[in-house]
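Note sheet for the following structure.
Order of writing sets the labels: A, B and C. Residues in every chain begin at 1.
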Amino acid sequence: MAEDIDTPAESLFEAPVIAEQERMVEAILFASAEPVTVKELNARMPHGCDAAEALAHLRKRYEGRGVRVVKVGDAWAVRTAPDLGFLMQKEMSETRKLSRAAVETLAIIAYHQPVTRAEIEEIRGVSVSRGTVDQLLEMEWIRFGRRRMTPGRPVTFVVTQDFLDHFGLESARDLPGLKELRAAGLLENRPPPGSMPKLGETDDDDEETQIGQSELFED
Amino acid sequence: MSEDQITGQISQDVAERLAAEALIVDVDGFEGPLDLLLTLSRTQKVDLRKISILELAHQYLAFVEKAKQLRLELAADYLVMAAWLAFLKSRLLLPPDPTEEGPSGEELAAHLAFQLERLQAMRDAAAKLMARDRLGRDFFVRGIPENVERVRTITYTATLLDLMQGYSRLRTRDEFRPFTMDRESIFTMEQALERMRGLIGYAGHWTDISSYLPDGWEDDPQKRRSATAATFAASLELAKEGKVELRQSDMFASIQLKRRDERHG
Amino acid sequence: MAEDIDTPAESLFEAPVIAEQERMVEAILFASAEPVTVKELNARMPHGCDAAEALAHLRKRYEGRGVRVVKVGDAWAVRTAPDLGFLMQKEMSETRKLSRAAVETLAIIAYHQPVTRAEIEEIRGVSVSRGTVDQLLEMEWIRFGRRRMTPGRPVTFVVTQDFLDHFGLESARDLPGLKELRAAGLLENRPPPGSMPKLGETDDDDEETQIGQSELFED
């Protein structure tokens, strides 16, 4: 196999054969602990390579194996098969126990993103402590999204690639039960009728709850 | 409303009653009034969509009443919710007043039911999320990631305007520059030449050129550097003129100088 | 493949089939922070497994791939195939503005060419670091001119055709003169005398050291 491959020098002029491109993607993905985007793969591979096609081949090759090629957002990574987790006691990392508030806040951000702090408070019925958001930001599971174009231009939160990677999700669309929740109207942001008490503390009064779902979940 | 009536409404059997009381004592465990309402709603044992908001309002008000009797400090938002639920209760019980503006009791109740259902849905979703196979617990990254070397290629650029501005900056400065010269710590090659011309007559043997540094120039590093450079340059000039010979045993070794005898030349 | 494998529960009593053992070795080698010995593999795998045999299968499977199973001392690890080492580089190109020191040095060379280093220093009032000149030489914007016929025969610098091309000039003579610079307003923004930079003061470049003026070229 190694005989009919192009060498890097030749590949400046002619793209390597697909089997060789697959080997390259394999090497890059194995080497990196972080997911690698198709764009970066193409940038690192010789000119003329098609990382996306090579990835498709590679992914197929690792089906059912001890490690798998997984998609994480718009990037790719090699991860061990979850059914073999029992062998990995040694590698298990202490995951910080998240408070109930943090877990709920995370779920609300994931399912309602992009979402403002006021909207999270509206859903949970309590104010969101700074520490909770800070913890999630620090874990790099959430990040700031675009500001909402409403009075006060409140910041929004969205989940990150690290979040997807941690929970083994290809994209935020693959969140468990997302479709059902949407069908049941539970991801809507209905404004409360006139004289409802405001639930949750509203630090910023302008941060109002408009705008329904994220463009992420519209299909 | 008497306490017995209320307790009777909340629970039928002793176990549930104990649970309800524990619930009251554990008021700090609740994340706000909505969370409490959600917990209370579980005693109705129905689908959240079919929940009786009226009954829930009763339960909540009973809870607040009980907390007062136990002299538990309730946060303000629990009391705000209690007041609102009392208002909602009256709206739901009384026939609608056509002169009254704003949403009907049913609309308010429906929205509260929606909020409870949505909060419950988010709790369930959070539980499902946390139960997924997770990185570092169920599946793992490469244990020995390989280093990716970063090769940075930097292209520098400048515009003609940068160039002209740079030059004009210099020229402008020139016109204003007071004429000062720092001669104190500079030993010129001419000075060195002059000094050495007078001394080389005595250099019949190989001598280190550092011994030709002028007196008082060895201590200050800046001065010594200037003097060394000038002496070295002067030595080269003298060698070129055929007045001296230079030698150096090794790289960075000291350079030695000797008068060039006319006979050999 | 995944259908006929033993589940971990069964494997307590009966060793998993060899294909499954191979998956296990694959996952362990991938996830371990250090190379793993056969002994340790056997200790981590369910009872009755033959890590050495599974390892032999796995090695064979990775032959010619982008990564391979290699022996490190008496332990085993996954490593990038040596011929793909070139992929473990990330090239980043960046465009930076030339430093003030370099722009001034370049300007002096352009306006005064051929010019010696000492003359540049005389005009700038600070020493010219070796790095600055080397950078301009490397960019091929300046080159060495003829040596000056003065003591020490110092080298001179002149600008190159590349320089002219970059700045869109026919020749260095086309550079605007002081009069035009003044007319263009470029000489107007002289600093007020109070805030004059001191002679030899290092405004922006640490690389420059104060040396005062050279006397080599006094006349």
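Everything below uses one rule, namely that a residue touches a chain if its C-beta (ideal position, glycine included) is under 8 Å from a C-beta of that chain, and two chains touch if they have at least 3 such contacts.
Quick caveat, the model's predicted, so the values are computed rather than measured.
**Q** Mind having a look at which chain is the central one, using mean CA positions?
**A** B
**Q** Which chain is most remote from chain C in terms of Cα centres?
**A** Result for the farthest chain: A.
**Q** Distance between chain A and chain B based on Cα centroids, please, to the nearest Å.
**A** 21
**Q** Provide the C-alpha centroid distance between chain A and chain C, rounded to the nearest whole angstrom.
**A** So the centre of chain A lies 31 Å away from the centre of chain C.
**Q** Suppose each chain is reduced to the average of its Cα coordinates; what separation in Å results between chain B and chain C?
**A** Centre separation, chain B to chain C: 25 Å.
**Q** Check each residue of chain B and list the ones that touch at least two other chains.
**A** 140-143, 146, 148
**Q** Mark out which residues of chain C touch at least two other chains, giving numbers and ranges.
**A** Chain C, residues with two or more chain partners: 27, 30-33, 78, 80, 88-91.
**Q** Write out the stretch or stretches of chain A touching chain B in their complex.
**A** Residues 30-33, 77-82, 85, 88, 91-93, 95, 100-101, 103-104, 106-108, 110-111, 123-126, 165-169, 175-177, 181, 184, 186, 190, 192-197, 199-201.
**Q** Using the touch definition from the top, list the residues of chain B that touch chain C in their complex.
**A** 140-144, 146-160, 162-178, 180-183, 185-186, 188-190, 233, 236-237
**Q** Would you mind writing out the residues of chain C in touch with chain A in their complex?
**A** For this pair, the touching residues of chain C are 1-2, 8, 22-28, 30-33, 44-45, 64-67, 78, 80-81, 83-84, 86-91.
**Q** Help me check something: in the complex, which residues belonging to chain B touch chain A?
**A** 31-35, 77, 80-81, 84, 87, 102-103, 107-108, 111-112, 114-115, 117-119, 121-126, 128-130, 132-143, 145-146, 148
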